[in-house]
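Okay, structure first, notes after.
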Amino acid sequence: MPPIGVAVAAVLFVIGVGALVIRRDLVFKLLALGLINSSTILLLISLDAQRSTMAPIVPPSVMTDVADPLPQALVLAAIVISFAILALALVFVMVLAERYHTTDALRIERAVARETKP
Amino acid sequence: MILLVLLIVLPLVAAFALSRHRPLTGIIAMGVLSFLLAAVYALQGAPDVAVAEAAIGAALVTLIYVLAVRRAGRLVVAACDVPTLFHREGTRLVGLEYEILAGFAHEEHLELMVHFASPEEVADTVQSGDAEVGAGGMLPADQHGCLATQAHLATALFVIGGEGSDSPPTWRRDDLDQVSEMLRHEVRTPITIDLARCLALGGDAIGSDGVQRLSEPSAYRFLVAEDRKELHRKLDRYVDQLRSSGELDVLIRRHVR
Amino acid sequence: MTLVAAPLVSVIGGAICLMMGRRSRWIAAFTWAISTGLVAYWIGVVARLGPVHETLGGWDSVGISLVMDRPAVAFLLIEQLLTGAVLAYSWRSELRSAFYALFLVLAGAVTALCMSVDMFNIYVLLELLTLTSFLLVAYERRPVQIWASLKYLLLASLGMSIYLFGVALVYAHTGSLGLQQVGDHLASLTAAEAGWIPVAASLITAGIAVKAGVFLYSLWLPAAHGSASAGVSALLSGLVIKMGVLALLRFSFILPIQHALTVLGVMTGLMGALYAIVETDAKKMLAFSTLSQVGYLLIGIGAGSEASRVGVLMYVVAHGMFKGLLFLAVGDAGQRLGSTELSVLRARRHEIPAATRAALLVGCAAIAGFPFVGGFWAKEWLLQGSPPLQQALLWLLMFCTTVVFSKLLPAGLARGRGGGVRHGGIPYVMLGAGMPLVFMLSRILAPGQATGTADATLVQAGWSLGVVAVGTFVGVKFRVLQRMRVPRSVFRIEESVLVMLFGVFVVLAVVLVTSP
Amino acid sequence: MMRRPRLNTILAVALAGGIAGLLLWSAPEASRGGAVATERVRELIASTGASNSVCSIVLGARLLDTLFEVLVFSVAVLGVRWMLERGGPDPSAGEPRTHSVLAPVAEIAESDVVRRSAYLLFPPVTLLGIYLAVFGHLSPGGGFGGGAVAASGLLLVAVAVGAQTVARRFHEQALARLEWGVVAVILGIALVSFLLGAPKSGLLPAGVPGELTGGGWLLVYNLLIAIKVFLGGWAIIHLFIEHRGEI
């Protein structure tokens, strides 16, 4: 039985994918994508949660059983990357919204198709 | 124990956030989710990640979402271009409905943002929340899924074109250019059209004998999305005020002969 | 000398471009020259001494390893060639410094990715690649490009999340991220302990396939590549896609995904060709053809023999050259004619500059596998290293490719000068002249080996000629093929997401069925 | 908007659920990385002298990841700047369909209470950001977190005195150059230390773990990254404010 955090991460992933497909509003699509990224982060952090929840930041004198620092380091990168992608995607959505006055994916798709094939 | 509760709450918050109708609610709920996640990380022995998640995931991300979707301080109007009602002259906007909305926006300290669209799109954009008010010769017939304000100008409907044809009149709500194009090519189908558009087309395009006035009266209104009851109430009250103070008549006289 | 010098020099050049804000193209050219020097040095070292391994900073257990081996050499070679050609192509077009900066960052990320053998490092670099190519696609900021970019970003990001799931699984089970260590650990597992491997393998493969231009997963690709400017399309098709293929190649050494790759290869090869045949726009057709060409590479990787891998590496180099050449040539022609519709290209072929027409002809011949041009040598190795079934599939793909390019071929056949090209044809020469190099490449990639006798080569040349002739005949004669109806709704975001997730199960099924 | 479940919905949930199930089924009870974690942490702290082992990994063992991560962030800022710059994207895309009629409302917060509390909150928030960056190798935090917190702090000033006023102090052009200058410096330092085969603590020797000088060069990396993230984060926020998003 894997740690409960892993199960929660899996559930978050399902919710995220569901919303990504169901919601037509691009803002919600981005939120869903953020949730999917969060679920990977939660997964990495929770993999080892049953053994130790002691932070791997220790004064040199005390050395107990600590949590694995490597996934934490990876996750830091993942957080920053997901922020970067989100900022850029959001700007793109803003630009599209200004052009087409909507954030609805289906309508933008149609409008773009109309523009390319006159 | 706290950890367990937090972990169980997470999916609920996520589902709540992603099933909202308004983006802002969803964004704020996702911000809350990020804070909860940060707490989970801190409790699972990853304070570094918790700090990063709180600073970037919760604060910065939520912030830029809010900055991107904020509507505060503006009134977004989707309008159909109809002379005398809502019309673009070069870079200027003119027309009766434009003046009413501009006055309303001024009163409410809002910046008026206008984008033009075809009549179908106007109702559509208002309904989906991409615009707040629909204007430009909107008739009760346009009102699918939207609230309409009270009438601000009475109008009549006319059937034009298609002499000698038995087919029922179609309700043309295209661009005026397209309508006049159709008329010029003597399309056999009769067209129902409202007064403002009929006037805008001009006599030569229609041919006086082809115009037939329908008996039922109609009136122009503004469209407001169904979930913006507050806005609807305010706009309605504003039109009411204009009418009772007589300003509306002045405006109508200025724009409509 | 450290291996990271080459990528770091590139990205530092990119940063300096934006710091200075002017003279960017000179900085870019200078940086390109330095990194080319470094790459040439390392290629020399590998050719003489064999693969070089380096663990950065001496961190053994948690550090990042880089390796300079034969795959890295091949990919670096095409990287330098293609970036050089695109730089020459855009030399006169007055681009802003941000373009050069992104270009250099892209080059740096690709260089690092060529050498990276760390699962998480691959993730970071692929994300950087996504982001830079995402911006480069939207460079002209037309709404079509922005929309294509956004779709690309959504799907790529989802793909990378799936990849990270796979990495998390592998890390949880093996405790390391380096491919070498993971491979060693996997080899020591008993069958009872290895139940998770297919799951991790399918997640990782599906995640990377999104970037690698595999049909099911990369439905964003045609829109993005077709709408970007010519130089950017050349880079994306020739280089960025290949990075996904390289990652798959590296994973295929440690995970049991060979057969899955073969299946994906056949799928992407045939479907890509099908969509390319019915496409009416030259750039989009090239983009779909890239999907189809990835099929060769995946089938080659899937065949799993030494010779087929050499063939894959040679084909990567060859494809980078001729696809780059074709994209640049179509871009030039489109600029002249104002449209990249195939019918326009064919009808007004006299107005296309002569150099561009020549480039189109050479590109078409090379991609179709015309004897002794470009892809021919690579295909020889591929065929030699593959079992009969795969050989038949490769021939089939080659036939489809010929049918596809019979549509573009007439645009190159005309007389007259048709005016000059803006860049003086330098990029054409760089990519076109590079093609004979493909033949030489086998000396480095497979020292001391040969593909067999000269007679065998001649026989293969005969067969290739036959296939090319029949393919061209079919393509020209049976125009009805181009009017086939194919479903288009799969290119919407929602469907793409579903199809992509479904792909995970496709890979899983194949891995489970074929594992002993 | 919620609709009746359609085929798409059912498929999406089924496929994602399948992946989630596979993940759960194949996830181990305990990570193998955890088994060697304590040993690893000891080794990390000994070789960098920084008592935050996560920081040792981020800026030491996996520095290359971090360098490219900084680049990812910078490229994103570049993209935001590019897309939102004045004149707007795509000037050739036909006539503008949007008309802005009245003069724009310049301030974000009009309420005096909000403004005053923003002013009061600014110093502690910024200090927190600096603290996180400076002590990132000793305690939780680090350059990314610190820089992001400090950027949020500057937003508070923007709320208090108006974004335009703050933006006037930071020249947009100069800001972008400075930002990339910092990136070039970070990358350059890393390149030099790789070329020289520097010790695991970077260009400086590892100090005594637990002290500020413990961790050698990591402190400098953290500060530089914090500056970079601060500038980039502020640039993004500022551009978003200025652009008056209209989604």
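The first chain written gets the first letter, and so on, giving A, B, C and D; residue counts start at 1 in each chain.
Throughout what follows, a contact is a pair of C-beta atoms (placed from the backbone, for glycine too) under 8 Å apart; a residue touches a chain by one contact, two chains touch by 3 or more.
Note that this is a predicted model, so its numbers are computed, not measured.
A.B. asks: Show which chains lie in contact with chain C and also with chain D.
C.D. replies: For chain C paired with chain D, the chains in contact with each are A, in label order.
A.B. asks: So using the touch definition from the top, which pair is joined by more C-beta contacts, B-D or A-B?
C.D. replies: The greater number of contacts lies at A-B.
A.B. asks: If you average the Cα atoms of each chain, whose average lands nearest the overall Cα average?
C.D. replies: Central by C-alpha mean position: chain A.
A.B. asks: With centres defined as the mean C-alpha position, give me the chain B-chain D separation in Å.
C.D. replies: 37
A.B. asks: So, what's the distance in Å between the C-alpha centres of chain B and chain A?
C.D. replies: The computed centroid separation for chain A versus chain B comes out at 33 Å.
A.B. asks: Could you grab the centroid distance between chain A and chain D? Build each centroid from C-alpha atoms only and quote it in angstrom.
C.D. replies: Chain centroid spacing, chain A to chain D, equals 15 Å.
A.B. asks: Rounded to a whole Å, what is the gap between the Cα centroids of chain A and chain C?
C.D. replies: Roughly 28 Å separates the two chain centres.
A.B. asks: Would you please write down the residue numbers of chain C that are in contact with two or more other chains?
C.D. replies: 62, 120, 124, 127, 131, 134-135, 138, 141, 143, 146, 165, 171-172, 494, 497-498, 501
A.B. asks: When you check chain B against every other chain, which residues touch at least two of them?
C.D. replies: 19, 23, 46-49, 52, 56, 60, 64, 68-69, 115 - these are the residues of chain B that touch more than one other chain.
A.B. asks: Please set out, as single numbers or ranges, the residues of chain A touching at least two other chains.
C.D. replies: Those would be 11, 13, 16-18, 20-21, 23, 25-27, 43, 47-48, 52, 55-57, 66-67, 70-72, 74, 76-77, 79-85, 87-88, 91-95, 97, 99, 101, 103.
A.B. asks: Sort the chain contact graph into one of these: line, ring, star, complete or other.
C.D. replies: other
A.B. asks: Every touching chain pair, please?
C.D. replies: A-B, A-C, A-D, B-D, C-D
A.B. asks: Under the touch definition given earlier, write down the residues of chain D that touch chain A in their complex.
C.D. replies: 1-3, 8-9, 11-13, 15-17, 19-21, 23-24, 27-31, 33-34, 37-38, 40-42, 44-45, 51-54, 56-58, 62, 65-66, 69, 72-73, 75-77, 79-80, 83-84, 88-90, 93, 97-98, 138-140, 142, 144, 209-210, 236, 243, 245-247
A.B. asks: Using the touch rule from the top, collect the residues of chain B that touch chain A in their complex.
C.D. replies: 4, 7-8, 10-11, 14-15, 17-19, 23, 26-27, 30, 33-34, 37, 40-41, 43-49, 52-53, 56-57, 60-61, 64-65, 68-69, 78, 115, 117, 125, 128, 130-131
A.B. asks: In their complex, what parts of chain A are in touch with chain B?
C.D. replies: By the definition above, chain A touches chain B via 4-5, 8, 11-12, 15-16, 18-19, 23, 25, 27-28, 31-32, 34-35, 38, 41-42, 45-46, 49, 52-57, 66-67, 72, 75-76, 79-80, 82-83, 86-87, 90-91, 93-94, 97, 101-104.
A.B. asks: Spell out the residues on chain C that touch chain A in their complex, using ranges where they run on.
C.D. replies: 62, 120, 124, 127, 130-131, 134-135, 138, 141, 143-144, 146-147, 149-150, 153-154, 157-158, 161, 164-165, 168, 171-172, 177, 492-494, 497-498, 501
A.B. asks: Within their complex, state which residues of chain B touch chain D.
C.D. replies: Interface residues on chain B, with respect to chain D: 19, 21, 23, 46-52, 54-56, 59-60, 63-64, 67-71, 73-74, 76, 88, 91, 93, 102, 105-106, 109-116.
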